[in-house]
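Chain nomenclature is as follows: A, B, C and D, assigned in order of appearance, with residue numbering initiated at 1 for each chain independently.
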């Protein structure tokens, strides 16, 4: 299940949907929030732009790749767009699996790819009313290396 | 915050407590559930025995170790004891951090150590009313190797 | 015709979000990009960033795929969602 | 006195969860374990498992720490929580 939406989401609702199968032994969730500070600058909110259509397609492909690598039972991804305030929820990735190993790896894999492949862009604003596009972080690009280099190790 | 309790817990409540600081950018949660099947055997429920006092001490030490390795903003661990039914929640580990990397690593580290160091024991029962102690999984002991071998890599 | 889209900071720099271009003069992504850079004004500079990402028909493209009528090509800065 | 505790499957095998033993005859964990194994019945077998874990004063112990009055020593199978 993949959703790109302006509305907020509820962690408990997503979690309850992820754990419906009686074979689920592990659920890992990731929630990304609007921080009050980015790269040393005070942030008062942000706007998320996206490429309608491609975001859903891109997230679907990322989840398909993850499912090919790990045996998982359920996966839910939500990404919000539009205006968001401080501490608002931005993104949710939840994975249910038999065991924790797959659930952790799959959830982190989806986030790493989402961060570098899915067409969303953040424009932050500060308390002075200035707004500016956020630059991509080099560490996000580097994070992908882990999945390429250690493909065999992470498949275990 | 560490709790060993027989009562159930609520994911949303824990999550809301984890994200109180306005600098939180990432929250990772792990929930462990009673599966319907373990090592090929049908399970109808389980009883969790523990070593009162040492469980809390052990979990506190594990969380302290994790905090020395990663910069995190909040951490909550709950482990249930006593009789649990199919699909019941067993354990919760939640970590809030500035960025996802620390939150994922710290949460998985705590689960890996909890699984092999904290004095809890599962006794499963099946539909025939038989009950038996669960054997430790070799893969859980192996999981710790990751944190020892790649200490430098994971500190990044 | 080829539908060309620009997003985020790049769209702000170019001042336009969408163009329709003839497919005959733009047989592949490299020639399309080259034609766009010839437009003068800020176009050459804005499109010179080698970190720009390209998507053809909503899939990220790294080579130089050929283009045909009805294709949708998007140029955008490195993504920053999540 | 030294308080000795047994948990889970090991406790079921021994049929007892707690003992109080003299610290003089049990100066360290190795001698305590040896004395327990001499008790006859199923004790030697149940305590021979080299995967058994030992905690002294509620901290997992891997060496052979010395013991003194008031110490709490626990023996238990590999843990299976989580």
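Here, a residue touches a chain if its C-beta (ideal position, glycine included) is under 8 Å from a C-beta of that chain, and two chains touch if they have at least 3 such contacts.
These numbers were taken from a predicted model, which means no experiment stands behind them.
Among the remaining chains, those touching subunit A as well as subunit D are B. Taking each chain's centre as the mean of its C-alpha atoms, the one that lies farthest from the centre of subunit B is C. In terms of their C-alpha centroids, the spacing between subunit B and subunit D amounts to 26 Å. Centroids built from CA atoms put subunit D at 71 Å from subunit C.
Centroids built from CA atoms put subunit C at 47 Å from subunit B.
Shared interface positions of subunit C, i.e. residues touching 2 or more other chains, are given as 82. Chain contacts: subunit A has residues 32, 100, 111 touching two or more partner chains.
Every pair of chains that touch is listed here: A-B, A-C, B-D.
Within the complex formed with subunit B, the residues of subunit D that make contact are 5, 7-9, 12, 51, 53, 55, 58-60, 74, 76-82. Residues 10-12, 15, 19, 22-37, 86-87, 98, 100-101, 103-104, 107-108, 111, 139, 143 of subunit B are the ones that touch subunit A when the two sit in their complex. Note for the complex: subunit A touches subunit C at residues 32, 48-51, 53-54, 57-58, 61, 79, 90-91, 111, 114-123, 133-137, 141.
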